[in-house]
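Each of the next two complexes has subunit A plus one other chain: subunit B in the first, subunit C in the second.
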Partner chain A sequence: MKTFLGKPMASERSIDWNLLPGYRWHENGQSTFSGAPLKLYQKLDRLFLQWAGERGAAEHRFPTFIPARELDRLDYFRSFPHLVTFPVTLDPSKDNLAAFVRGAPLDDAGHLQLAASAPIADVLTPAACYHFYIQFQDERLAQPRYVTTRATCFRREDHYAPLQRQWSFSMREIVCLGTADEVKAFLAGGRATVEGFFKKIGLPIEWQNATDPFFEPARSSKYLMQKLDPVKIEMVFNGDLAIGSVNFHRNYFGEAFRITRAGADAYSGCIAFGVERWIFAFLTHFGTDEAGWPVLT
Partner chain B sequence: MKTFLGKPMASERSIDWNLLPGYRWHENGQSTFSGAPLKLYQKLDRLFLQWAGERGAAEHRFPTFIPARELDRLDYFRSFPHLVTFPVTLDPSKDNLAAFVRGAPLDDAGHLQLAASAPIADVLTPAACYHFYIQFQDERLAQPRYVTTRATCFRREDHYAPLQRQWSFSMREIVCLGTADEVKAFLAGGRATVEGFFKKIGLPIEWQNATDPFFEPARSSKYLMQKLDPVKIEMVFNGDLAIGSVNFHRNYFGEAFRITRAGADAYSGCIAFGVERWIFAFLTHFGTDEAGWPVLT
Partner chain C sequence: MKTETEVRRALREWVIRTNGKIAADALTDRTPIIEQRIVTSLQITDLLLFLEELTGRAIDVEKLKPGIFRDIDAIYENFFGKADGV
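The block that comes next holds the complex of A and B.
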């Protein structure tokens, strides 16, 4: 579970993303990659996977939809109603489909006029690591568990910007479930690895405390708790773009999903990397010419 | 653009998917992979990518959502209203979000009670290759173009079955745009490669003509055209599961998206692989023990 700062963004070099070979920005808040930008995407994710491997994290590949019932255990819909995207299908009765087809499915503005929809019971993945807590629910862990996944995540925002703020984006996470000490040691080790890497390649990153983007934060007890006792530290590029974060969840997910470790609710934490934002930081700082990029190992 | 047969499915060996290590089936029609099944997933896709590379196909990574306006050019909503999944978000006004939060977002059946939704202008990718025709619209091709992508595709069905019929699944496609002869040569070469591979590893596959799953096919002129002049040939495992297909689109997409080649609407064709269905065929035919799997190169 990670967030990124909501401030407007500046860049060191001003790149015209529409002219970058192998990159395409879509007005609906998404990116297409091929050529050199795709190679950079793949190299970055291989680097994250290497770091995951160093911590013994087993890779998983999760699907797009998460049952709403599972997220409801986290009170997700009251905390982040502004961010969620729901997968909706049409009521499958012949009559309803025929009514949809007979009408004009699309109006002049390009908006769809749905007929009756089927019951909605799922959401599009909002954060990669949720899948793990759901999958491991009711487990009693005999040792700490280290896992990793890259998932396409979905967050509706009021504006989008190429690579920086997208409706759908790629999130790599390395997750640990264990005792408080096991999770803290994992996070400290992970942060040291990433910090060393930034130093080695010379990418200017500041580490800053942050909070999740709650709906009506002033009314949210969870937000207030995060303010009082910071659990999220972001890797902030250029003073305004969080390209990743280190998150200590305490026993929040362990309790919600009844995962135990050493006789108590499991603690958990994750190190999260926003792949598109890493690409943004790389291209902005090192330039769009591959020859100027640091070696990624 | 590819379809799979709508018949009920049998299997050679009856595998209890709930007991297969590294595999997890979700009731909402999706799969999670880790361990050996994930390795098989990755090896299969590397094989498809190798075949794509042999045809000089450049890799692309596309996002999840496609603007409805683009698919409407294909009369998609009238042809396949029963298959589509729409990404829906809440109307972002404070009052509307507050109303959603105040209500019970989830009822006892696990269904979400949405408040007012924001305008719906996109769909979740129904077939990987659509992205290419949209991206290349209005282009005049000086030579045939070969491209490949793997995309998560979404099709609502009236029932789901592990790896065989999923709401979301992985589709690798190798696509050619060019003259009719260029596309036919590409499809013939691709089919020969795949056919040789099936023979080499001993996977029982029959090639069968098929049609796309149109809504009310008897009333669809496009369906009737496909019946009269077959353009889709499926790789059918075990007599009932299409694990891939070879598709000749004629100049259908070239015309709809104004892509030209040699002074006329471009022709196009694709070779499509359903990754989860390949995994099903492999595990069913060669067993769940890795040691029994053929080498995938």
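The block that comes next holds the complex of A and C.
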């Protein structure tokens, strides 16, 4: 997603997030919702789920961790080392646990003094749709498959900003696996639905070609490929905040996870919605009073 | 100086050789080589080097436009034809 420059345009409201009822920002890049902001969160996700339902997408709920071995098939660690977050546990040996307890578990800066840590073989979900390709690996699809999930995703960043750039955030995705034509038709239909919705409610969104946030992009052949053959189109609010995207993966995941359709590697594509960023767009554009929010159907 | 026919043949041969799986008769000058991942991201840098060799001039990656490697027709038009895209 795009870098957020943090400056609302003159037409948008500037909000003191510390004073917004029902919302709490955590400096470690996370948000807590209750009251009206939570209601908005739920209504938005219901809307995304309704769009998923219109495409016959079956809902899934996945766990938080993904085996590192699975993500390695996508060359994830070389592509996004700056974003990845690992679940860490202590080395379970009695001596190590005793050393941890006897020492100061936390230093003055609030950093844990782990002693030795256990081997790490998992990753906290970085993108919701990865779960599907792992789930469906080795399958031969007799027809296109439409699925959806909402996951808490984790991406380490060098700075955070309320609702716009978070370490952990909610991502709803609607995914299609099929032939190239089936996936393209799904993405075109999904984009038309979302475009129509923005028009109906008057939310200023521009669609812009984008690339994934690769590590050292100038040296990344994947980045170069995405520049030469754009496969990601973002829904950009206010000129600088991507609140969602439409992504054509070609047959990248089908090949990596041996999913086939019509005798060849399956193609895939997804429509992704960053729930917190949608909330940011709604609150800054329509105001914090829920009476001013558009009807979400 | 290679003729258009020779350049196109050289490009097709490079794609077939690099991909290693595609049959010669399955590749036309309109086959979408990027979309079908006949040429993958791992091979795109090699394709640039091959094109530098064929054209005899350096390619500035920053100036490359989207769609330039869509198929052999697009590569020919952009690097050897009138619509020089580099």
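Please note the rule applied: the second predicted complex is superposed on the first by the 286 of 297 C-alpha atoms of A that agree within 3 Å, B and C clash if a C-alpha of one lies under 4 Å from a C-alpha of the other, contacts with A are read in each partner's own complex, and residues count from 1 in each chain.
Keep in mind that, in the parts below, a residue touches a chain if its C-beta (ideal position, glycine included) is under 8 Å from a C-beta of that chain, and two chains touch if they have at least 3 such contacts.
Quick caveat: nothing in here was measured; it's all calculated off a predicted structure.
Quick check on the superposed pair: does A:G202 touch subunit B, subunit C, both, or neither? Answer first, second, both or neither.
neither
Look at A:L224 in the shared chain and tell me whether it touches subunit B only, subunit C only, both, or neither; answer first, second, both or neither.
Touch partner of A:L224: subunit C, not subunit B.
Between subunit B and subunit C, whom does A:G263 touch in the aligned arrangement: first, second, both, or neither?
So A:G263 meets neither subunit B nor subunit C here.
Tell me which partner A:P92 touches in the superposition: subunit B (first), subunit C (second), both or neither.
A:P92 sits against subunit B, while subunit C stays out of touch.
For A:Y252, using the defined touch cut-off, is the partner it touches subunit B, subunit C, both, or neither? Pick first, second, both or neither.
In the superposed model, A:Y252 contacts subunit C only, not subunit B.
Kindly classify A:R78 by the partners it touches after superposition: subunit B alone (first), subunit C alone (second), both, or neither?
first
On the superposed three-chain arrangement, identify whether subunit B or subunit C touches more subunit A residues.
B
Any idea which subunit A residues touch subunit C in the complex?
Touch residues, subunit A against subunit C: 180, 209, 221-222, 224-225, 227-230, 250-252, 255, 265.
Which subunit B residues qualify as touching subunit A in the complex?
Going through subunit B, the ones touching subunit A are 24, 26, 28, 30-35, 38, 41, 58-65, 67-69, 72, 77-78, 81-82, 84-90, 92, 97-98, 100-101, 105-106, 109-112, 114, 118-124, 131, 135, 152, 154, 156, 158, 166-168, 215-216.
For subunit C, which residues count as touching subunit A in their complex?
These residues of subunit C touch subunit A: 34-37, 40-42, 44-45, 61, 64-70.
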